[in-house]
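Paired with subunit B in one complex and with subunit C in the other, subunit A is shared by the two complexes that follow.
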Partner chain A sequence: MKGAPFHRRKETKLVVRYLIATFLVVIFVFPIYWLFAISFKTPGEIFAVPPVWYPKSIQFNNYAVLFKDGDAKTVGNSLVLSSVSTFFAMIFGTVAAYSLARFKTGGENLGVWIISQRMMPPVAIAFPIFLFYVWLGWVDTYIGLIILYTAFSLPYVIWMMRGYIEEIPLELEESALIDGCNRWEVLWRVVFPMARSGLFATAVFTFVFSWNDFLFALVLTRTEVTTYTVQVTHYFGGQSNFWSKIAAMSVLGTIPVFITVATLQRYLVRGISMGAVKG
Partner chain B sequence: MINRRDFGKISLVASLATTMGRPAWAASAADTAVKAAQQYKGRTITIVWEAGLQSLDPTHFSGPKWKELTGMDVKVVEVATAEMFTKIMQDYKSGAGAYDALNVIPAWMPDLAQAGALEVLDPYVEKYGYAPELQTIAPTYRDNQMKVGGKIYGFPDDGDVFLMYYRRDLFEDPAVQKAFKEKTGKDLAVPKTWADFDVVGAGLTDILKDKGIYGASFFRQPPYAMYMFEERFRNEGGKFFDADTMKAAINSDVGVKVFTAMRNENNFMPPGVEQFGFVENLATFLQGQSAMTISWPPYGRWAEGYGTDQEALNWVPKTTIAGKVGYALPPGGHPELAAGFALSISSTSKNKDAAYLFIQWLNSEDVSRQRVQLPYTLRDPFRDAHYADPGYLALWPNAKDYLAALKQASQTGLLDLSLLQTDKYEEVLRQAISKLWAGDDPKTILDAAAAQWNDITQKIGVDKQKMVYAAWAAESGAYPKI
Partner chain C sequence: MAAIAHPDRNFKYWLISPAVFLLLLVGLFPLIFSLVVSFMRVSMLETDTSFAGLVNYVQLFHDARLWQSLLHTVLIMVIALPIELLLGLAMAYLFLDRLPGRQLLVSLLVLPTIISPIVAGATWRLLFDNRYGPINQIIGWFAGHPVPALWTVNPGLVYPAIIFCEIWQWTPFMFLILLAALSNVDRSLTEAAEIDGARFWRSFRYVVLPAIFPVMSIAILIRGLDLFRIFDIIWALTAGGPGTMTETISVYTYIQGFKQFESSYTAAIAFLVIALLTVIVTWAIRRMGLAK
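Up next is the complex of A and B:
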C-alpha cells in the first residue's frame, strides 16, 4: 500500500519532466519549423492573418526560383570556400599542433599567443585586409577567401588539436618510431587515427565558422564568389522583402551544416567530450 | 492584366511617340549615347545597383539591350541598400576602381562628392549634348537631386515619393459616409491635413473595424517612419536646425506634436502596426484591411494588380482592391521624396566615358520611359514625359489618376535631409522612433535626439556643416514654400 503513492509520485515526476522537455523542444524547434514552412508557402499564406501554421500544399516554387535565377550558386560558393579552407586548416593546423604538443615549439606560451588571435574582432582588420587584397588582386576570388578563412581557422584548429594530441599516449608514438616510422608516418598512422574524433569535431566547427561568415564575405566579394550569407541580404530591399526566397535560401544554407553535423554526430560528441576533459 | 508581350508593344508605341514628337534634326540623347558608345564595343562596365527587384532592370532589360546596341557588357554588382554607401566608399578609398557607374541615394551625394568619390558630370553632359533632356526631368528631382555645390554629380533616375492611397469605394460608400457624418459631424473626405487625418482614420476604424478594416495603416519600422517624420515635421512648420547656430531644432513644439500624434494614431491602426515594414503594410492594404496608407509609388501599381502576375512579383500578396483605389498627396501636401536613386560615375572608374554613356542612355527620355513601366522593377516616373505617356496612362483604368498624383507630388515633394554624415543623424532619428514605439515620453526622446545631433555637428565641425545645411536648405524642396 505504501509503494503505490511513491510509484505514482515517480510517474508524476516523469510526466512533468517529459512535459518540460517537450515544451523546450517545441520552443527551440519552432523557429526552424517556421523557416521550413515559409519556404513552402505561397505569398498569400506567408502574409495571411491569422497566420497559416502549415502550408496547404507543398510547392517547391520558392526553391525552383533560386536555381533558375542562379542564386543557389552562392550555396555552392559557400560549400567550396568552407570545405577547402577547412581541409587546409585541418592539415596545417594539425601539423602545427603536433609540433607544439610534442616538441614544445615556441615554448609553453606560443599556443596561448596563437589562440589569442581568435579574440581579435574581425571588423577591426576587415578594411586593412580589403586594401591588401585590392593590391594583390584577390578581391572577389576563391583563393582570397580560402586563404583568409584558412588563416582565421588555424588558431582554433591548432588549439583544439594540441589538446587532443596531448591526450594520445606518447608510448604509442615511440613504439611506431622504434618500428621504423618517421615523424610524418607517425602522424598519419598513429596520431590521426587516435585523434579521429577530435579531428572530426574540430573540422565540423571550423567548417561551420567559415560557413557562417558574413563580414569578410560582404567586404571581399562582389559578384563572383558571393556566399549564401551575403546573398540572403540581397532579398531585403527598401521596397521589397522576399520572405519566400529568404526562407528557401536559408533552408538551403542550413542543409549542408545539418547533414555534416548529423553525419559526424558520433565523432562530434566524443570529440567535444575529449576536449572538455582536457579543458 | 498586362503580360510581357503587351509591355513590349506599349514600349514600342511609347518609343515611337517619343521619336515622332522630336524635331527631325535632333538626335535623342539615347541615340547619341549609343552611337558614341559603339567605339567601346567589347568593354565591360560595372555598375552598382540595389539588390532585389531594382537590379532586374539592368540584368533583364537595360543591360542586355545595351549589349545589343553597343556590344558592351554590363556587369551588375547587387548590393543591399544598407551596404551601398559603404561599398562605394570602400572601393573609392582603396582605389580599387572596381565600379564604373553607381546608383546613389541623393541624400548621400554631398558626402560622396566631398570625399571625391563621384565624377563631376558637367563636362560629359556638354560633350554628349544631354543638357536639354536633363531639363525635362520633373522639377523636384532635377532641382534637388542632381547637383552639389552647383556641379552635376548624378542624374535623378527614380521618382521615389510618398503618396496617399485610399479606398475610393469606402470613401464613396453612402452608408459609410452617413455613419461617418453621424459619428463626427463632418463629411467624409480624403484628409488634406494631419488633423483631418486623425478624425477620418479614427472614425473609419470605429465604423469598419467589425468588417476587419482599419481607418489607416502605415509602415512604422524606424527606417521607414523616419521619412514619415521628416515629411510631417516640415509640413507642420518644423525646421531641422537653427540656421544661424546649427543647433538641432527637432525637439521644438512641432517635433513633440508630431511625435505625440504619430504614437496616438497607432491606436486606430491594426494591432502590431509598430512593427510594420514595407511588405507588411502592403499586405494589409492589398488585402483590404486598411482604408488609407502612405507609401512609395509601387503600392499604387500593385494595388491595381499591374505586373503582379510576373514571376518576379510573386511575393506581392494578391490584391483584393483593384479598381477601388484612389490616389492623393499625403496630408500637408508636400510629400517626402524618401530615398530615390541617381545615376553617377565613380571617380576611380577606368571606363568613365563608356560608363557615362551607359547612364545617359539609361536616364534618357526614350529609355527611362520604358524603364519606369517595367512591371518587375521599382523605378518610378520622374520625367514630365512619364506622367503623360500614353502607354503608361493605359496600363490600368485609373492610371491617369495615379500619374496625376505623382506629377503633383513631383512639383511639391520634399527633399530628404542631406548633410555631411547624414546617416549618423538619421540613425539618431531611427533610435528615437524605436523609443517612441516603446512608450517613452516624446519630449524626452526628442531632447535627447537633439543633443545627439548637436554632438554629431560638433564633431563634424559647426561651420563646415552649416555651409552644407545652408546649401541644402536653399534647395527648392528643402522646406515647404508657404
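Up next is the complex of A and C:
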C-alpha cells in the first residue's frame, strides 16, 4: 500500500473497471444487436440451428416487405400521434407550469391533483376512456389518441417545466414588462428561451412516453391509426416469417427514438435526474 | 415585483385552463363515468343495465384469479425492484469516476431504457426462443449439451424470463438517476473512502446514502409504481400464460374488460387497483419522508 505499488494498483483498478464496463455493455447491448441482426437476416439465417450470430450479408428484404404490405404506415401513425401530442402537451403544459410557478394558481392542491393524475394505472383508466370514446365515436381516430396522449403527458410536462421556470430570475421578466412587453410576450420572449434546455429535455421524454405507449393504442385503435407497437404484436404467433417482421418493425420503431435521443443527448441526463427529483 | 405579484386578473387562469380542461376530459370524467358503471350490471354481451349496488365489489373478494394476479404482480415487483436498485447503484459507482470513453459507454448502457417496452418484450421473445434463440445456445455452451428450455411455457422458467427482461430494460434507468445523484455528492467527504473497503462502507452508510436518499427513494417509487402496473413486457412474452400463470393485475384487468367484456366488473377492479395504489403511494411517501 506504500510507494510504487500504489500506482500499479490504480492501473489495475482501471483495467478491472474497463473489463466490468465492457461486460455490462455486452449484456445490455446484445439483445438490441440481436434485434437489428435478425432484421437483416435471410429466412435461412433466422431459422438456423444453432443460431447464426451475424447476417452474412446486409439485406433489406424484411423491411421491403413491411413497406410493400403497408405495415410500415403504422410507424408513420406513431410519428404523427407522438409529435402532435408532444407539441400540444409542451405548449399547454408550459403555460400551465408558468401559472403554477409564478402565481401559485390554485394553491398547492391544484399541483398535487395534476401530478396525481399520473399515478393512475393506465389499464384502470383505459377501460373508462374506452367506454367514453365509444360514446363519442373517437375510437380509432387521430383526434382521440392525440387528446389522450396530450392529457397523459401534461402532468409530467407541468411538473418538470415548473421546476425549470422557477429557476428563471424574476428580474428578467420584470424588466421585460417595464420595457413594454405584455404578458404573452414575456412568455414568448423571456420564459421560453430561458427554459430552452428544459423544454428540449421534457419534450424528448414526452415524445418517448407517447411513442412507447402500447396499452392505449391496443385498446383505442382498430385499423386506421394503429401504432407500430400494436403492429409488432400482430406478428406474434403463427406465420413462418413472423420473426423477420417482428424484428424489422421493432427496428423501424426504434430508430426515430435513437435519433431523437442521440441528437438531444446533452439535455437528457439532467432531465432524467430532475424528473426523479420532482417525481 | 408588484406587476408580477398582481397579474391581470384572469391571466393565470387562461394559462392553466387548457391543461385542466384536458385532464378533466380524459382523467376525471371517464373515471366518474366508470364509477357509475361499476355500480351497475353492464356487460357488452348483455343488455342488462340495472342498478347492482355493491354486487361487483363483493364479487372482487371471491375472485381467486384476481388475487392470484395481484400476487404475481407483487412477486415480480419484490424480486425485480431490489435487483434493479442494487445493480443500478453498483453501475453508477463504476462510472462515477472519470473513465476515458465514459460518455459513450453510458450512452450504450442506456439504450434498453429508451426502447418501447413492447419492443423489449418482443426482443426477449426472440432471444428466449427454444430452438432459434441465442440464450439456450449460450447456456448450452456452459452445460456442454444442447438445452431446449421453453422459457415462456415452462412454469419454472417463465418468471425468471419476465424478470430478466424487466431488469434488463429498467436497470439503466436506475443507473442514470443514481449516477446523477452520486455525482452531486460532495467528493471531499468521500475521497478517503476510495482507498479501502471498510471505510468505503462507512462513508457509504453515513455520507453517501443520506445524500442520495431523496433521489433514490423517488426512483424506487417510480419504478415500484411502474412494476405494479406491468403489462407490455408480459403481453409480449406470455400474454399472461401458460394458463393464467403470469397474469398480473393489469393483464387480468385487460382480459376482463376487453376480452370478456365485463364492463361493470372491470370498472370495479379498476377502482380496487386505484384504491390500492393510493394507499401504497401515500404510505410510501410518508415512510420515505418525502412529504414535507
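Rule of thumb we're sticking to: the second predicted complex is superposed on the first by the 260 of 279 C-alpha atoms of A that agree within 3 Å, B and C clash if a C-alpha of one lies under 4 Å from a C-alpha of the other, contacts with A are read in each partner's own complex, and residues count from 1 in each chain.
Definition applied: a contact is a pair of C-beta atoms (placed from the backbone, for glycine too) under 8 Å apart; a residue touches a chain by one contact, two chains touch by 3 or more.
Bear in mind that the values here come from a model prediction, so they are computed numbers and not experimental data.
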item: Superposition on subunit A - do subunit B and subunit C clash or fit; value: clash
item: Partner chain(s) touched by A:49 [first = subunit B, second = subunit C, both, neither]; value: both
item: Contact breadth on subunit A, by residue count: subunit C or subunit B; value: C
item: Partner chain(s) touched by A:141 [first = subunit B, second = subunit C, both, neither]; value: neither
item: Which superposed partner A:158 touches (first subunit B, second subunit C, both, neither); value: second
item: Touching partner for A:127 - first (subunit B), second (subunit C), both, neither; value: both
item: Touching partner for A:242 - first (subunit B), second (subunit C), both, neither; value: first
item: Contacts of A:233 with subunit B and subunit C, given as first, second, both or neither; value: both
item: Which of subunit B and subunit C A:65 touches, first, second, both or neither; value: first
item: Subunit B versus subunit C as contact partner of A:219, first or second or both or neither; value: both
item: Shared contact residues on subunit A - subunit B and subunit C; value: 46-47, 49, 127, 130-131, 219, 233, 236, 243
item: Contacting residues of subunit C [partner subunit A, same complex]; value: 1, 3-4, 7-8, 11-13, 15-16, 18-20, 22-23, 25-27, 29-31, 33-34, 37, 91, 94-95, 97, 99, 105, 107-109, 111-112, 114-120, 122-127, 131-134, 137, 140, 168, 171-173, 176-177, 179-181, 214-215, 218-219, 221-222, 225, 228-229, 231-232, 235-236, 239, 249-250, 253-254, 257-258, 263, 266-267, 269-271, 273-274, 277-278, 281
item: Contacting residues of subunit B [partner subunit A, same complex]; value: 50-54, 75-83, 90, 94-96, 98, 223, 277-280, 283, 287, 289, 296, 298, 311, 314-318, 339, 378
item: Contacting residues of subunit A [partner subunit B, same complex]; value: 43-44, 46-47, 49, 61, 65, 127, 130-131, 134, 139, 218-219, 222-223, 233-245
item: Residue ranges of subunit A in contact with subunit C within the complex; value: 14, 17-18, 20-21, 24-25, 27-29, 31-32, 34-35, 38, 46-51, 53, 92-93, 95-96, 98-100, 102-103, 105-106, 110, 114, 117, 119-132, 147-148, 150-152, 154-155, 158, 170, 173-174, 177-178, 183, 208, 211-212, 214-215, 219, 229, 232-233, 236, 243, 246-247, 250, 253-254, 257-258, 261-262, 265, 269-270, 272-273, 276-277, 279
